[in-house]
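Below you'll find a set of structures to go through.
In what comes next, subunit A is part of two complexes: it sits with subunit B in the first one and with subunit C in the second one.
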Partner chain A sequence: MTTDVPTSPGAVTVSRGRTGRGRGRRRYQPREVAWAYAFVAPAIVLFAVMGVYTLFWGLQLSFVQWNGLTPTWLWVGLRNYTDLLWASPVFSPPVRAAALNTVWVMIAAPLLTVVISFPLALALNRARRFVGLLRSVYFVPYITTGIAVYLAWQYVLEPNGAINTLLGALGLGSLSQPQGWLGNPDTALPTLIVIMVWSAVPVATLLYLTGLQTIDPALTEAAQIDGASWWRVNLSVVWPLLRGITAVIVLLNLRDALQGFQIFLIMTDGGPGDHTNVLGLQTYRLAFQSELAPTLGLASALGWMLFVAAVLVAFVHLRVTRERR
Partner chain B sequence: MNRYLPRSARTCLALATILALTGAVTACGPGGGGDSSSGDNLTMWTFKQSHVAALQKAAESFKQKTGVGVTVEAITPDDAFIARVQAAAQTRSLPDIFEVHTNGDDFTFGAAGLLEDLTEEATWTDRYLPSVAAEGTVTERYYKQSQEKGAKSAGIKLNQRFSVPLTIGTFGIVYANKERLTAAGVTESPKTWEDFVAALEAVRRARPQDGGLSIGFQAPTTGMEWLMQPMAYGKLGKAGFAGLFSNDPARNWTSANGRSVLESYHQVTPYWMPGTQTLTIDDADLAFAQGRSSFVVGGTFTLAFLSQNGMNPENIVTFPVPSPRGGTVPELSLAPFALTGLSVSATTKNKDGAVKWLEHLAQTDVASQFAKDALDVPPVNLGDDPTGTLGPVLGAMIGSFGSGVEAYNPGDTTHQPPSYDAAVVARSLMELTPLKKADVPTAAAGLQKIIDGYWAGK
Partner chain C sequence: MTVGAAPAAIEATARPAPPTRGVRRWRAQAVVARTVVGLLLAGYAMVSLYPFLWMVSAAFKTPQEVIAGGHLIPRDPTLSTLVDTWNRLHFFDYFVNSLQVTVATTLGVVVIYSAASYAFAALHFPGRTALYRLFVALLFVPGVVTLLPIVLLENRLAILGTHLGLVLPFVNGTAPFAVLLLTNAFRAVPTELRDSARVDGAGELRIFTRVYLPLARPALVTIALLTAIPTWNEYLLTRVSLNDPATYTLPIALQALKSSQVVQYNSLMAGALIVVIPVVILFLAAQRYFVNGLTGAIKG
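Let's turn to the complex of A and B:
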């Protein structure tokens, strides 16, 4: 059933679908229209308050200097944006450093997730015994991901933690990190990326598994009859058929990498020093960790820049994948 | 679908929808969070969980005396507290009383019109120690600071009082494991920075695994404000120390003085406990209490935490961060300042009751009991023998406070540029130590670049 946009209140016309009782249009009575509006009103009001108003208010905030307390704010125009990008020696250097870290996360996290989850899904799809158990085991990181798991990882990664102990026991003590994996500025960010990937692989694997089960076995059998090896079948037949799922996985991970900061806040708070600060965390810091300095506008401006970046990334990614199809 | 419902059912459904919507909108409005109070019950917000039980105990005696109850709510951590106040300020659902960081939050909240000016009402301030009695008042220096471009407290007026002290103390106190110090041959508390470094070296040599110094660098200001700044004050004196934060190249971090301070600070680099750069303040204290480190730097408030976590106070040696040999202030001591204070909300419906609650907490017996319950130092003057009233631990801490120009006062921030964010500066300093990613000249240039930005008002 499709509903036309009403030209005036009380003049709503509804064209019935093909399964309806008739193809003709019927005019609703004003009272019926009023009822319709009454039932739709809560959703519209909630969206107007929680959605439109918040968006507009947030956008307005990005052009002002304010600490969230004073009854008035100072209009600064685009200065928040220029300060974050280049103009301020205080605010732009951490943003640039955080942007660089974010870019690394955006490259590494989706790539590693795909590289690990696709072969894992292929292997799980071939498994004939303990299928349910194996799939449950690989899904555990997803259902346990959260603050508790991040704290558990901290213990594993500290100087006397399980990883350093294990490396020592294996005679690989030279690879251990005396300051802990999160304490060394050179290993902290890669370690966090690995944990992000660990958290993302289960869903990606599940998506790939779903995709694999929709592929017509005749396609792979035909390739095998033509003499293609297992690798060749998966790379030249299966992988292209799952390109759409790969696009979704990459897009989800890009979004997480660009806007998510939970793991960075909980595990390192951007440290050591500023070596794992990312743009999402920098936004949080400007909003809530600046000791009531009037930086809420800067936080909002950075949030909007992240939004634009996310839209651009999604647009470019979708264009690229569509062209390949 | 509604066409298939009976008229009465439709009416009821529409009414229910409207009521639900009204309820939702009301819940979003002022007072919806249940924070408003009636006249005979006050609401108080604090960011210190350890103060809740002690305040509630004090509230019981207050209710017996006045008939006014006080509901105390802890909102932690500090970020959450600030965010809650920001939200409540917009929805006009503030509590009646706040616990605030003195000469910080109180001035910012006051400048925003969220607090009552207590100048007339606070008539009991002679009960406080003279050195902290005026804390929470806009003195000439804080007023001048508020006039700077970008100041957080812009709008406050001279002589306004936005809070009265609740707890006092200081930071820059080194806690050392007495047994380990003695076993390493260190029998006296270090008197100079060099002695301190030598003690670190001796204990580390004796105990390579757990002989280090811990500090909660996940809050990066700890290293800078608790360890380096007292040492810098001792080395350069008050004027030289203030010069470090100026934009004068002859006196700031890039000067000979600045580099000299950084070189001294860098001497502790080999002695950090492994992984200290990832620890929170509580984690660092726990590491010391559990024996994973042999030194920790903290404040007066640290002792209570160590004691609560199983550290025997008799096995602790404490001393203020010492001055380097040949420093301008050789006998460095630490001045107490008001750590937290009490403020009355401008939206309270019972200002009289709120002020009486503040006065109640300043009574000697109530303040003493609060101090013992919260294991914190009270601002009230307890006479020459605080030990008799508060017990040996808190009493000894009060006895160690200094005053005058020989005492470093961490609460004095008048040398800082407007909008100064210590966390940003301290993160830059971490590149020198403990991260070892920058040498002294690079670290000095990095610090100064940020501070120059604040002076430029960016």
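Let's turn to the complex of A and C:
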């Protein structure tokens, strides 16, 4: 049953099937095996209770109708899924609206993150002074992500907040939002996307920067001597070399866009109207904000659909980026 | 690979090649480029700090001035809002609660997953690969799928609403990441060290604590940081779990403060500042571990 995990230092994670065949299998020593199980036992017990058990309970829950209080569940089979997707006139419209918003976030957030962090990393890589300081400053949005920062954003986005004041001072008063940036249905979702990007840029920039430092300077120098401009060098030489990193960044952001909803819950709670409702938030609402209505099964079903969607996105993404290379 | 290699890379691109015409033109462009680069860097630094500047500003303003809006620099800065938030609004208590949850979670993660990772990296036992893969695969399970079952389960176990009820799922949620990072760190320890310790008569526990743990210290610090900071900021499970204000952590206290009154941004921002400052200090103190760990984990 078991195969050896390759033990080369630094080689990462997933081992490739039966690598141990040629080496001849080592006999297990009872003492060592006993110790090993003692070492992994706490992790496994916790995982069994908080991981496996909850996961399968969630799956089971997605086939029933329940409000969380009654002693019995009503088995409904796949109806929760069909209700969410098309069958129910009550539950499917908000899901469809939320799905549309989620798709917007999935397109805009990864794209903007790449468009901002790639030039930023190039600039940071060229900088000679204050590099350490700048790197720390750029990283602050990532480590502080959470309600404190979202409230600060809310504060500057208020009708008489700093952003509107700034626009007025710059003579761009016509762009300011008298209802506040989160109060206007047309600006609320784009504003939230910008803040998501603001939180995602630090890690993306860091990854690009690490990538840039592995590129052989001889490559870019050769291009310069051939008369290529600085921009040309970066677009035609550096950008293709960092395609793998771009792929990782896009995947991370797609996952966050599909599942993350904290910012939506805290800053707008889906409003105004349903203009910033996303699938994660819709799941949360069905699970925790529907009072005594029997929607827990629906919430589980939507959560599982999100899970499957995330796996699909990761799979397709992997396929596409692999083919291109 | 590491960020420390920066100066070498910069020097290499900046060193002038023999001046042909193309290169001279390139150099002129370089001056323009350098200005653009400087502006870009400074500009984005401002963008990064923008909400924090206003957070600090509002925390030091008087209630009247906050309502009036106005300038970034407070007209007559006051400490009273911060003091008030800390004392009268009980943010000291919430701070202690947050600290308890964060420390317990971090300790749990470091102890439980360093032991498990040691077994995965150094010991031979049936089921090793399968278990390891199971833990890492968990990385792909979205939080929203398990949120509801966890609440229901804890309700049944009567730990819903307690700090223990937060710590257990938090620890388990960090499992994939911790196992990934620590197993890799332990695999890098040369097996000769282990073999010679054995010859000297050391048992497994001794080898683990005296040989492996000290050698993997950077990875342990990294995983402690990458556990502590998200735990400090955690909002979702905490919000749906905690009911009793005496158990509130800082993020929930902030939420409660926001919804309890007509929003007073000076005390709200003072509260936000109390949440953010410890994290920033921790980050500045241990930046190196942070950056290396993140790139290692994500690129890995």
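Keep this in mind: the second predicted complex is superposed on the first by the 280 of 325 C-alpha atoms of A that agree within 3 Å, B and C clash if a C-alpha of one lies under 4 Å from a C-alpha of the other, contacts with A are read in each partner's own complex, and residues count from 1 in each chain.
Everything below uses one rule, namely that contacts are C-beta pairs under 8 Å (C-beta built on N, C-alpha and C of every residue); 3 or more make two chains touch, one makes a residue touch a chain.
Keep in mind that this is a model prediction, so the values were computed, not measured.
Participant: With both complexes overlaid on chain A, does A:Val149 touch subunit B (first), subunit C (second), both or neither?
Facilitator: Second partner only, subunit C.
Participant: Where does A:Leu69 make contact in the superposed view: on subunit B (first), on subunit C (second), on both, or on neither?
Facilitator: Touch status of A:Leu69: first partner only.
Participant: Applying the document's definition of touch, where does A:Gly171 land relative to subunit B and subunit C: first, second, both, or neither?
Facilitator: neither
Participant: One more residue to check, A:Val137. First (subunit B), second (subunit C), both or neither?
Facilitator: After superposing on A, A:Val137 lies in contact with subunit C but is clear of subunit B.
Participant: Go through the superposed model and pick first if A:Pro119 touches only subunit B, second if only subunit C, both, or neither.
Facilitator: second
Participant: Between subunit B (first) and subunit C (second), which does A:Val40 come into contact with in this model arrangement: first, second, both, or neither?
Facilitator: second
Participant: Does subunit A have more residues touched by subunit B or by subunit C?
Facilitator: Result: the larger residue contact count on subunit A belongs to C.
Participant: Scan A:Gln259 for contacts with subunit B and subunit C and give back first, second, both or neither.
Facilitator: After superposing on A, A:Gln259 lies in contact with subunit C but is clear of subunit B.
Participant: Looking at the overlay, what does A:Thr54 touch: subunit B (first), subunit C (second), both, or neither?
Facilitator: second
Participant: Under the stated touch criterion, which partner chain does A:Phe288 make contact with: subunit B (first), subunit C (second), both, or neither?
Facilitator: Both subunit B and subunit C are touched by A:Phe288.
Participant: Using the superposition described at the top, list the residues of subunit A that contact subunit B and also contact subunit C.
Facilitator: In subunit A, positions 32, 35-36, 39, 42, 46, 49, 68, 288 sit in both the subunit B and subunit C interfaces.
Participant: So in the complex, the part of subunit A that touches subunit B is made up of which residues?
Facilitator: 32, 35-36, 38-39, 41-42, 45-46, 49, 67-71, 83, 87-91, 94, 154, 158-159, 178-180, 182-183, 185, 268-275, 288-294
Participant: Write out the stretch or stretches of subunit C touching subunit A in their complex.
Facilitator: Subunit C reaches subunit A through residues 1-3, 5-6, 9-10, 12-14, 17, 20, 22-23, 25-26, 29-30, 33-34, 36-38, 40-41, 44-45, 47-52, 54-55, 58, 69-70, 72, 111-113, 115-116, 118-121, 123-136, 138, 140-150, 152-153, 168-169, 171-172, 175, 179-180, 184, 187-188, 191, 204-205, 208, 229, 233-236, 240, 251, 254-255, 258, 265, 268-269, 271-273, 275-276, 279-280, 283-284, 287, 290-291, 294-295, 298-300.
Participant: Enumerate the contact residues on subunit A facing subunit C in the complex.
Facilitator: 1-5, 7-15, 26, 28-29, 32-33, 35-37, 39-40, 42-44, 46-47, 49-51, 53-55, 57-58, 61, 68, 116, 119-120, 122-128, 130-131, 134-141, 143-149, 151-153, 155-156, 160-162, 165, 198, 202-203, 206-207, 209-210, 212-215, 217, 220-221, 224-227, 229-230, 248, 252, 258-259, 261-262, 265-266, 280, 283-284, 287-288, 296, 299-300, 303-304, 306-307, 310-311, 314
Participant: Flag every residue of subunit B that touches subunit A in the complex, lowest number first.
Facilitator: Listed in rising order, the residues are 2-3, 10, 14, 17, 20-21, 24-25, 28, 79, 82-83, 85-86, 89-90, 104-105, 108-109, 111-114, 150, 152, 155, 217-218, 220, 274-278, 419, 421-424, 427-428, 430-431, 434-435, 437, 449-450, 452-454, 456, 458.
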